[in-house]
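First chain A sits with chain B, and in the next complex the same chain sits with chain C.
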Partner chain A sequence: MADALLADEPVVRDGIAIAWTPPAVRYSLRTRVPSGLPRLLASARFADGHALALGPDEWLLILPDGAQPPTIAPLHALTDIGHRNVGLTVAGDRAAALIQCGCALDLSLATFPPGKVTRTLYDGVEIVLWRTGEAEFRIETWRSFAAYLHAALALAADDL
Partner chain B sequence: MSAFRLPGRGRIDVARPVAFRFDGKAMTGAAGDTLASALLANGVHLVGRSFKYHRPRGLLGAGVEEPNALMGVDRGPGRHTANVRATTIELHDDLTVETQNRWPSLGFDLGAATNLLSPLFPAGFYNKTFMWPRSAWETLYEPAIRRMAGLGKAPHAIDPDRYTARHDFVDLLIVGAGRAGIEAALAASASGERVMLIDEQPELGGKLLANPARWDWLAGALTRLDDAGVVCLSRTTAIGLYHDGFVGAVERLTDHLPPATATGPRERLHRIRAARIVLATGAIERPLVFADNDRPGVMLASAARTYLHRYGVAVGKRVALMVTHDSGYQVAFDLAEAGIGIAAIVDSRPDLDPSLKARASDLGLELIPHAVVIGTHGAKAVTGITLAPLGSRQVRKIACDALLMAGGWTPTVHLWSHGKGKLGWDEALGAFVPEGEMDRVTCTGACAGAIDPGHGVHAEALWSPRDPASFKAFVDLQNDVTARDIRLAVREGFRSIEHIKRYTTNGMATDQGKTSNLNGLQVAAGALGNTAPQVGLTTFRPPYTPTTFGALAGSAKDALFQPTRKTVIDSWAHAQGAVFENVAQWRRARYFPRASEDMDAAVARECRAVRTGVGMFDASTLGKIEVVGPDAAEFLNRMYTNPWKALAPGRCRYGLLLGEDGFIRDDGVAARLADDRFHVTTTTGGAARVLGMMEDYLQTEWPDLDVWLTSTTEQYAVIALQGPRARDVIAPHVEGVDLSPEALPHMAYAEGRICGVPMRLFRVSFTGELGFEVNVPAGHGLAVWEALWAEGQRHGITAYGTETMHVLRAEKGYIIVGQDSDGTLTPDDAGIGWAVGKKKLDFVGRRSLARPDMLLPDRKQLVGLLTDDPHYVLEEGAQIVDVPNAPVPVPMIGHVTSSYHSPTLGRSIALAVVAGGRARIGETLFVPMADKTHRVTVSEPLFYDREGARLDG
Partner chain C sequence: MLLIHCPYCDEPRPEIEFGYAGEAHIARPINPDDLSDAEWETYLFVRTNARGRHFERWRHVHGCGRFFNAVRDTVTDTFERTYKAGVARPGEADSWTGDTGGIV
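Take a look at the complex of A and B:
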């Protein structure tokens, strides 16, 4: 994606690094047959990438750039949202504290362990929040909200 | 060192002098002082003028209970804060404060004339006097009253400070770091739970800070808490307690620093969710109500103790005490031991605790039992008091330079009360204390009524031999409410304490009755001949202390006020000099002026380009929903008025969405991509609402349907090419699609590639011209736009904005939902009854369309209007009348919904809704405007290319 949006340098503060993720293939997968898919609010490896369970019949698939549409069992809906979403990584010892500036979720390891994912809000912007490690999160949001989200996170990082 | 500073006492650092300015005068305090303690150390007692009567006022307290000493703090341009309590202002270099509500100066205040006129200002004065004329309230009375009686001035400049916020999650939140709060934290600290201890003061310790004997314990306890990982926040005020363990707290980060050295955000709002909450908010000492109890130098006994032990300041050199409670004695003893002269201890009680008597005797203090202070003397500071034995007129005068009051203790139950906690009357304390249980919340220490400073009596105003109408005995010092005002309110018929509060203003405003509520209640109860618990207490409301708007707004200002959504083509439009407008959260190009063009000239040029050549428009903001699944057609058939099942893949259809009420909610074109896949478009502003409505029906009404919805609004950039030469622009770049009118007619859909990237191509038009809407993955949108722009140069391509789009569609009579419709138009009203599938058995809103009211001939219907003067553009929203000279009120039969100058027709056009409008076509109606009444002719809502031949180009 040759986007001016994603040209910003990573934001690095004490215990925090915010960066755009590289381009990816993304699908919204909807099905009533969750075989081979993670349970609600969990993530799992899927077709060279990951499947993130956002709802009882809804998964966000994040696959490597250039990946072909995955093969899924019958009766499902697969919709291309690769360009709709933009990804950010927030990493570092204070990553959870930073995200809690604008997100009303308890991100302690006990309640939000690595691998957990949910759709939530940051400062009123809808995001998908996925803990990819003890001190690393991936945030997905819609393209036109990304600049606002990035600016809000950067400001909160300054003031943390 | 000043005469009032006591060497070797207090937690201040006298070796570090701090320079500050008070009303322009340079003064010096010490590190660790508050403004209040520094002023006292400088011998300053006069710190303000009262709200209504402009009476001289001094410090009453030493903490947030202070009602008098409200200051304006100036921290530079845009950083003026009004009404800050001097007792909470931490002294720092370059601190600049001004007193308020006085003119021309604090010492000589002309407003004090209101004190002489005070018999004219009884309770409810404003309600009684300034009743009419009604219009004078806004223009005359209120501004004048606000100038005369008021607090500080609201700032006008934009606040340049930053504010931040955070969500905190803890197992245990303790509010108040006095003895009880610290003990609760210590008890929980070994549990491994997440414990947070917050306190509004700069130092943790509460009243322990005024008790040197406990300082070692305090230091040790704080170390243990720190070692145990307890989060301890000072300068953090819990402003409100809400349901489910939610507490809002504001942490002040920079106000205690010299402005030049303050960096980072000014305050942090903590939104704390706690599994358990312990309120250890302590208690506030109660003043006594007697004549002229507001003279500077009259203060709470506990405050004098705090000034002595915490700040090393003597509140006077010869101090008298008026006590109705044992707790005052300890203050007298402490002051005496510090070498401060005690003029007398006056106690209203006849029988005193022998041990207190003995101690007073040992210290050589004069103790006057069974007597009360009945007046104070002095101009701007107390110089003496008059006292009388209870029931006697044998008055006696005593000289003093301070009078301390010990009237007992009031538990600080504000937060408990915010959480709807019940309160019960504690006769021994003469106060309300928390009663019953609250989910997650408990109280401890003085807040819970566990106060043991001895005994006392809790009467209303002190007895006086004088006529109560002849003096002012203040109950609420901040709002200038006297005992007489409260008794007057009762005489005038007020019974409810809530009504008495509002009529007299007792306990209102920033003070929230911290020192006045219980005394006011006692006075009211006395006047009502009732007991305090029967009269009840007014409700405490958040915030506990005044809170900045900045803390509540947080980062939501300037660029972060709310997201400004931009399309991928926005940067190109910006570079081209586009003028933007906001549509919902989107920023859209409104028109593209060239050189010195104004909007009308630019729009006229853009319109002509589309009608005669080709125009290019960024339609990316259109809402898009991908509807996928074997039941996709069935679902759309149920949602929309139109029939969908027979629509063939590769074809588009205009869809009309109603609410259950039968009124138009949204519209848009949808294409059938495959048997089980539709690409549905919505209005820009309706995208989220339509998806929500669809999900609602799908999940609650038809969970059996195998169909799923995904927002793809931002997956695709949409480039609209409109005009007779639109095909020529895209043709060289399109692969895999036959663009001929036969293969791709109006309302057809095809997939292929453009400029080498995947494309969804709609042959649709919102202008009435040959049109294509090119959808490409958003990341490629700008590149495709630029390629088509370059290609279009040889065809005279013109970029156009939303204003031109509006004019072009109005010429064709295409409605915009939300502009031409207002939530009360049916499809037939809007002239698009053809979009309703007549053979369909059901769809959302169908049943409502059959209601008799929906079929009346005089419903408002969409029509066109042509003004007699072809150059006059009607104002949108203007009312339409049938008979212009009818008597007022003139019946209004409709209003203008869209109105433009049409460059294509060379005259103005308008769309309107008019009662029975279609039957009036050809009639003359009238649009009264401020300048004149305009004659208009009703027409069909279609002004150009009536046959629609241009669509088929």
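Take a look at the complex of A and C:
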């Protein structure tokens, strides 16, 4: 993370590790032809990266750094939002408990299993919350919210 | 906190993810030029202001982003049901029976 506003150091506490994700290419995809794309609130592999279904006709594509725009069926809108988003990973046994400090969703494995993704709020900040493993989450947020979100997570990790 | 069932996500979600968007099922007149000033005023400003069962629009703004409709009791703040935009409204409006569910 080369952003001067954002601390580079991962935050490590008992059972929690918060770190910035490496640079990635991100697209917002809107289409009414969802062939090859995951259903709402699910994620799937897509063009060397992942497609996250945020709405009935809205997907967030996270592709490796330097990736070219993917080929998609006609009738779609593909917008590069790589400049807008930053990502965080929250991992560890208490990762869900930490996110639960600022998020009103039920993050138990029964209702929020690995692979599930949704847009929601953490402490007033709009985030995309993606469970990448039983004890591993990826959070995408807007760049202008990122410093605050990171501070809020770190503070909650101190108190947990 | 209220839990509101989003008909698109098809699961209950926390109230803070939603935005209220006024009364539902108010169709814009096809040809506004044909309306009198009074009729236009009614379309723009006059609302049911129901005491009890109210049909209203909500948006899952911090979620799937979709507008949908809900039937909510304005006295008890109970959501009777939510349904997708474009679906005909269920039952009669303002058929409140006077039962406040113990809440005054």
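We take it that the second predicted complex is superposed on the first by the 155 of 160 C-alpha atoms of A that agree within 3 Å, B and C clash if a C-alpha of one lies under 4 Å from a C-alpha of the other, contacts with A are read in each partner's own complex, and residues count from 1 in each chain.
Definition applied: contacts are C-beta pairs under 8 Å (C-beta built on N, C-alpha and C of every residue); 3 or more make two chains touch, one makes a residue touch a chain.
Computed from a predicted model, the values in this text were never measured in an experiment.
Novice: Please indicate which partner A:L121 is in contact with in the superposed arrangement: first for chain B, second for chain C, both, or neither.
Specialist: A:L121 contacts chain C only, not chain B.
Novice: Pick one for A:L41: touches chain B only (first), chain C only (second), both, or neither.
Specialist: In the superposition, A:L41 contacts chain C only.
Novice: Looking at A:F145, would you say it contacts chain B, chain C, both, or neither? Reply first, second, both or neither.
Specialist: First partner only, chain B.
Novice: Between chain B (first) and chain C (second), which does A:G82 come into contact with in this model arrangement: first, second, both, or neither?
Specialist: In the superposition, A:G82 touches chain B alone.
Novice: With both complexes overlaid on chain A, does A:S28 touch chain B (first), chain C (second), both or neither?
Specialist: The first partner, chain B, only.
Novice: Just to be sure I read the superposition right, which of the two partners does A:A67 touch: chain B = first, chain C = second, or both, or neither?
Specialist: It touches nothing on chain B or chain C.
Novice: Is the number of chain A residues in contact higher for chain B or for chain C?
Specialist: Residues of chain A touched, chain B against chain C: more for B.
Novice: With both complexes superposed on chain A, which partner does A:L54 reach: first (chain B), second (chain C), both or neither?
Specialist: second
Novice: Tell me the contact category for A:A17 with respect to chain B and chain C: first, second, both or neither.
Specialist: Neither: A:A17 stays clear of chain B and chain C.
Novice: In the superposed arrangement, which partner chain does A:A154 touch: chain B (first), chain C (second), both, or neither?
Specialist: Touch status of A:A154: no partner.
Novice: Can you list the residues of chain A that touch chain B in one structure and chain C in the other?
Specialist: Shared contact residues on chain A: 58, 104-105, 111.
Novice: Looking at the complex, which residues from chain C come into contact with chain A?
Specialist: On the chain C side, the touching residues are 1, 8-9, 11, 13-14, 16-17, 62-66.
Novice: Please output the residues of chain A touching chain C within their complex, sorted ascending.
Specialist: Those residues of chain A that touch chain C are 40-41, 54-56, 58, 104-105, 111, 118-121, 126.
Novice: Under the touch definition given earlier, write down the residues of chain A that touch chain B in their complex.
Specialist: Its residues touching chain B are 1-4, 23, 28, 30, 32, 57-58, 75, 77-84, 97, 100-106, 108, 111, 123-125, 142-145, 147-149, 151-152, 155-156, 158-160.
Novice: What does chain B use to touch chain A in their complex?
Specialist: 162, 164-169, 194, 264-265, 268, 271, 273, 555-556, 559-560, 562-568, 571, 586, 626, 628-630, 706-708, 710-716, 777-780, 783
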